[in-house]
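Here the structure is laid out as structure tokens; the discussion comes afterwards.
Chain naming follows the written order as A, B, C and D, and within any one chain the residues start at number 1.
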Amino acid sequence: MSFNTFGKIFRFTSWGESHGPAIGCVVDGCPPNISLSEKDIMKDMNRRRPGKSKFTSQRKESDKVNILSGVFRGKTTGTPISMIIYNEDAKSRDYETIKNKFRPGHADYTYFLKYGIRDYRGGGRQSARETAARVAAGAIARVALEKLIGKKFKVIGAVTQLGLLSCDKNNWNEKEIRKNPFFCPDLKSTKLWEKYLQAIRKSGSSCGAIIELRASGVPAGLGAPIYSKLDSDLANALMSINAVKGVNIGAGMNSAFLTGEENSDEIKNISGKTKFRSNNAGGILGGISSGQEIIVSFAVKPTSSILNSRKTINIKGKNTKISVKGRHDPCVGIRAVPIGEAMMSCVILDHYLLNRAQCG
Amino acid sequence: MSFNTFGKIFRFTSWGESHGPAIGCVVDGCPPNISLSEKDIMKDMNRRRPGKSKFTSQRKESDKVNILSGVFRGKTTGTPISMIIYNEDAKSRDYETIKNKFRPGHADYTYFLKYGIRDYRGGGRQSARETAARVAAGAIARVALEKLIGKKFKVIGAVTQLGLLSCDKNNWNEKEIRKNPFFCPDLKSTKLWEKYLQAIRKSGSSCGAIIELRASGVPAGLGAPIYSKLDSDLANALMSINAVKGVNIGAGMNSAFLTGEENSDEIKNISGKTKFRSNNAGGILGGISSGQEIIVSFAVKPTSSILNSRKTINIKGKNTKISVKGRHDPCVGIRAVPIGEAMMSCVILDHYLLNRAQCG
Amino acid sequence: MSFNTFGKIFRFTSWGESHGPAIGCVVDGCPPNISLSEKDIMKDMNRRRPGKSKFTSQRKESDKVNILSGVFRGKTTGTPISMIIYNEDAKSRDYETIKNKFRPGHADYTYFLKYGIRDYRGGGRQSARETAARVAAGAIARVALEKLIGKKFKVIGAVTQLGLLSCDKNNWNEKEIRKNPFFCPDLKSTKLWEKYLQAIRKSGSSCGAIIELRASGVPAGLGAPIYSKLDSDLANALMSINAVKGVNIGAGMNSAFLTGEENSDEIKNISGKTKFRSNNAGGILGGISSGQEIIVSFAVKPTSSILNSRKTINIKGKNTKISVKGRHDPCVGIRAVPIGEAMMSCVILDHYLLNRAQCG
Amino acid sequence: MSFNTFGKIFRFTSWGESHGPAIGCVVDGCPPNISLSEKDIMKDMNRRRPGKSKFTSQRKESDKVNILSGVFRGKTTGTPISMIIYNEDAKSRDYETIKNKFRPGHADYTYFLKYGIRDYRGGGRQSARETAARVAAGAIARVALEKLIGKKFKVIGAVTQLGLLSCDKNNWNEKEIRKNPFFCPDLKSTKLWEKYLQAIRKSGSSCGAIIELRASGVPAGLGAPIYSKLDSDLANALMSINAVKGVNIGAGMNSAFLTGEENSDEIKNISGKTKFRSNNAGGILGGISSGQEIIVSFAVKPTSSILNSRKTINIKGKNTKISVKGRHDPCVGIRAVPIGEAMMSCVILDHYLLNRAQCG
């Protein structure tokens, strides 16, 4: 039960609107005595930050995170960690022309219907700016997991599909992901992707994307059947990200097309270690981690705020047209990579603690 | 925080193992003064029940639901509704030969690793038998929603993909769904499906499926951003069903391939009513229902318990082979239809009540 | 958020009405691999059971607990433990004469106002019969704590005030508590108590009581500030018991009358062990257990269902009188002892697991 | 499940340490479209604020609340309301002399044992400074309830016992409460109280207090049996306040001494309205509000930080003495009045929304 809180034991509560004075979150349930600094958090923040390339929003935000509580002399104390990020480059005037219209595909319409009031400036609470809070919380989860599990723990995401263009996952190169502005794991695809996205942007349109997340070093046994399964919690976490419309665990939707033999991952003992011959399960069986790499992917729909004119109605119900001139990402899916990693880290840490509670 | 409880205000707690004396659930938070009988519940139970055709498990269960509390003289009292379903046809001997082996693709291995103990008979708690409890709870949600919203409320599901075979959704016929043993909405596809599934079954294999759920009559405004979104809660609900590996809201994974223009559903006022020109959003924007039909689909992987031999290890870690002879569905996806409907009904009722709490 | 569920990680959901077919509860989050039998549970059930002496209700209930799930070959499996207790001696006819009247001091009136419907037979859901479910859950918590902490862990309760009569707590004798029908810790007081309660009963009246609970062997560090404090959770747990109107931690209400010097428990190192010179804190500081004995007390109001005539209204709002002839305890406080112990055990186990989650 | 979050639907998450840069809270689940300004909140903040008389801590804090989100053009939007209060007068040097010693009666010892680390400056997280966040949240609850229920709704608290001195509750005068520095409802008692407290303060000691809270205008039907009762949630709320050791509902602990006739409040229909002839129940029956005034009281132990020397140990376990020279309230119970009101308001609003959810 939690409108703006995510998690069970390791939980964060996010707050703030796109054009308010600040956004932030309160992280609760973090284990004590973990070394943590604002610098640790900025590493992940910088990966999500807008304004870094021409392929993301031109809004300039330093996204500087201030820790206000819960850390004493560089270590977590077990009390809530409050973080604040000031909004620096909010241009509310951009929104004056559309404040009385509903952007198709956007939550303008449903927020208005639900609450009878909405902060239309920059999308208010519905803005993807909220995801900065997630990344801050996720950075803490990552640091905590590295302490608890060790450095073998790692979560990494990449864009594996950009609109109509896929990439070759056989060329998955972690270092490459960190170098190109698309979080693309396959160097060979980046050139084409660049041209494609420029064309999309120039045409006043936008495109969708698929992001794949991989977590390695996750111990077996995480996930609590039946209604706190690791996979259902991951699905919940990822589907809660703005613009996400689909989530796959391992083979995902594709598993419908497989036979029992093709799908089930055979098990083998190799020199005393359990090995699986494939990973259609995405590392999760019965809602519990198996010790294999956890693989999840999700689809982000194309940005709804586009320059091209669209039919809609205004708040009085009159038919009209809309063209959105703000500083929007041509593909919001790109910046979803660090957000997905953050949510995945939070879910894994939460289940690590939950499992420790019940199973010692 | 709830290992075996689902929901926020309307919540159910399920319990029971496949081969224990009974399974059941406790439904809490149901509004009072709603007419409810065991008959109302049996309608849905009968749709999920095994042993009805050669395409589902041959286990014979009447799945008779007994209401033990919470209903007084045919009406709900607002107190918890406890329901019990006795297990009648558990054949534990079937499992003796495989009790020390892990079925690939099954949760045998992970339950054992997590808890250090497991009831191997019929899969114990990990068995899909647990879903009977979900259907019972979902039936109550459905009855409550019909009272609160009116008869215009309807949730209906269908199998739209059976292994490699799709169907023509343009032929979607609700009555047809209730007639054929596949919950297929397209009469023309059923003959081919029948032959296909018989072949799968005879070959000792199994296949996956995709199920589509449609909820109509759902009022706008349901869903509580940011972390109790209607879509993220649906994703959580559906991914928690045994063998589900992927969830789509509206266009789902497919939205990655669309442009902003193709994807965003234009809005129009037609004679004073808001209409959308398409429904890629699946009726949900920003995590809130828009008043459109809510459309969700999910993939069920092929049954992991198959006759064909598979490589695996035993509980001592030795390499071995396994062939499962129990009474298993050749496609567990088929019986997932009423389960999906049940989970969707529970989520919608929960959000109806949640919205009433905050927004009146 | 949980109408009929208690706890955070170790949680139980209770269900059932006084005169329905059965009552029961589902215990979730119990650690796996703990030896547990119905016999373990009956030990505590028998202490709460009615019909054992003339000082408690004459309703005859064996209160036999059936475990329906979650235990495999004598050990908990980590999955939900469902327990059912059949109602054997419900005499609903007793209630026909008062079904349209509200008993003063009883929840008849408020249930009716809240839900617009109520099962009046034996008080329905509001009956203290529900507490049998708590005792069953508490017995499991006790067994789990004895496994996790060791046999040094112990929770014991006693009636220290019966109506106007106190007892001498300096004579606190654990064995004595288990011998007399009042759970009185002071042998010398029991004779007078017996006469007093007989007089109360014969006069058609009832009396209140104070129960003191002591938990020893509880490790330091349990309790999660600020809003899951050990003491606030205990207060919540005990105040949720039928007829309880006050809860004290350590010196409790009395601490208002003390000075800082009198109240604060000085600390001393004696041979390498931390000792406190007094225990006004009741073993809890800042919401966290200190390692001292945890001491809590609570007041139970006199039974509201009495023979003596009382003014009230009926469900049509007309003034009338009521005299309750059912089989009621002259002092419900007596049977509250095992219930209080059960709730305390549940809270301590829950915090043991919670602390293990966050602090390892 | 919430270490630093209070509430179910209307919930707040508090954060911050006594000597950190700021404290604050995030209020979630507030109904939309309620007029709210920082001024509304300051009214309650000013009543709790330290430094206003010689009878409270001399720490000077303006306790200015800044609303950072959730309010748009003077109205709540239904999204989280984040509030921050900067710490202005933290004198951490005061604590250097005692940083390695445990104050008896304080949470120094248990925080250290639990987390293995603690911010000792001003008590860190365990400081009563946290209660400022509660008052801010409670002010919002109060404003929301006045909108939802109307101006007839009112929560008012008073100190009815100051150490050994009681007051005459027959002289209960609401206006008087707001005038004297003790929140004493009885003008005649204030002179003696003043002398008494001055003597306590000068002697380097401290005293306890009892606070009584009265809520009028609360509709019948609030409170959700069995484990979200209005009274058990109030007990939880009040016991979570620093230094509270006892909670009474209505007659409270005293009800142990009453007979059934004395205790149960007879009901009468007077001119079509239900009236009770007494209020031992404190307005709550079976955990549900009856429509009567809700009356709750709680005891606050004497301040543990006193000038007079006390025996204790240091963090190395050595025996030592401690004398606390900081700026402490001689009676922390006094400032507990607005805190108690705040918690009571939060609980009532929460149950108002919960009841609306289930019962419409």
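Keep this in mind: contacts are C-beta pairs under 8 Å (C-beta built on N, C-alpha and C of every residue); 3 or more make two chains touch, one makes a residue touch a chain.
These figures come from a predicted structure and were not determined experimentally.
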{"item": "Pair joined by more contacting C-beta pairs (B-D or A-D)", "value": "A-D"}
{"item": "Separation of chain A from chain B, taking each centre as the mean of its C-alpha atoms, in whole Å", "value": "26"}
{"item": "Whole-Å gap between the CA centroids of chain A and chain D", "value": "39"}
{"item": "Where chain B and chain D are represented by their mean Cα positions, the distance between them in whole Å", "value": "46"}
{"item": "Residues of chain C whose C-beta touches two or more other chains", "value": "1-5, 8-9, 14, 29, 32, 78-79, 114-116, 125, 225, 358-359"}
{"item": "Chain contact graph, described as a line, ring, star, complete graph or other shape", "value": "complete"}
{"item": "Residue numbers on chain C that touch chain A, as the complex places them", "value": "1, 9, 29-32, 78-79, 225, 353-354, 356-360"}
{"item": "Complex contacts: residues of chain A adjacent to chain B", "value": "1-6, 8-9, 14, 102-107, 109-111, 113-116, 125-126, 130, 161, 163-164, 200, 205-210, 220-221, 223-229, 231-240, 242, 245-269, 272, 274, 277, 280-282, 284-291, 299-304, 306, 308, 310-313, 317-319, 333, 355, 358-359"}
{"item": "Touching residues on chain C, where the partner in the complex is chain B", "value": "1-5, 8-9, 11, 13-17, 20-24, 26, 28-29, 32-33, 68-70, 72, 75, 77-82, 84, 114-119, 124-125"}
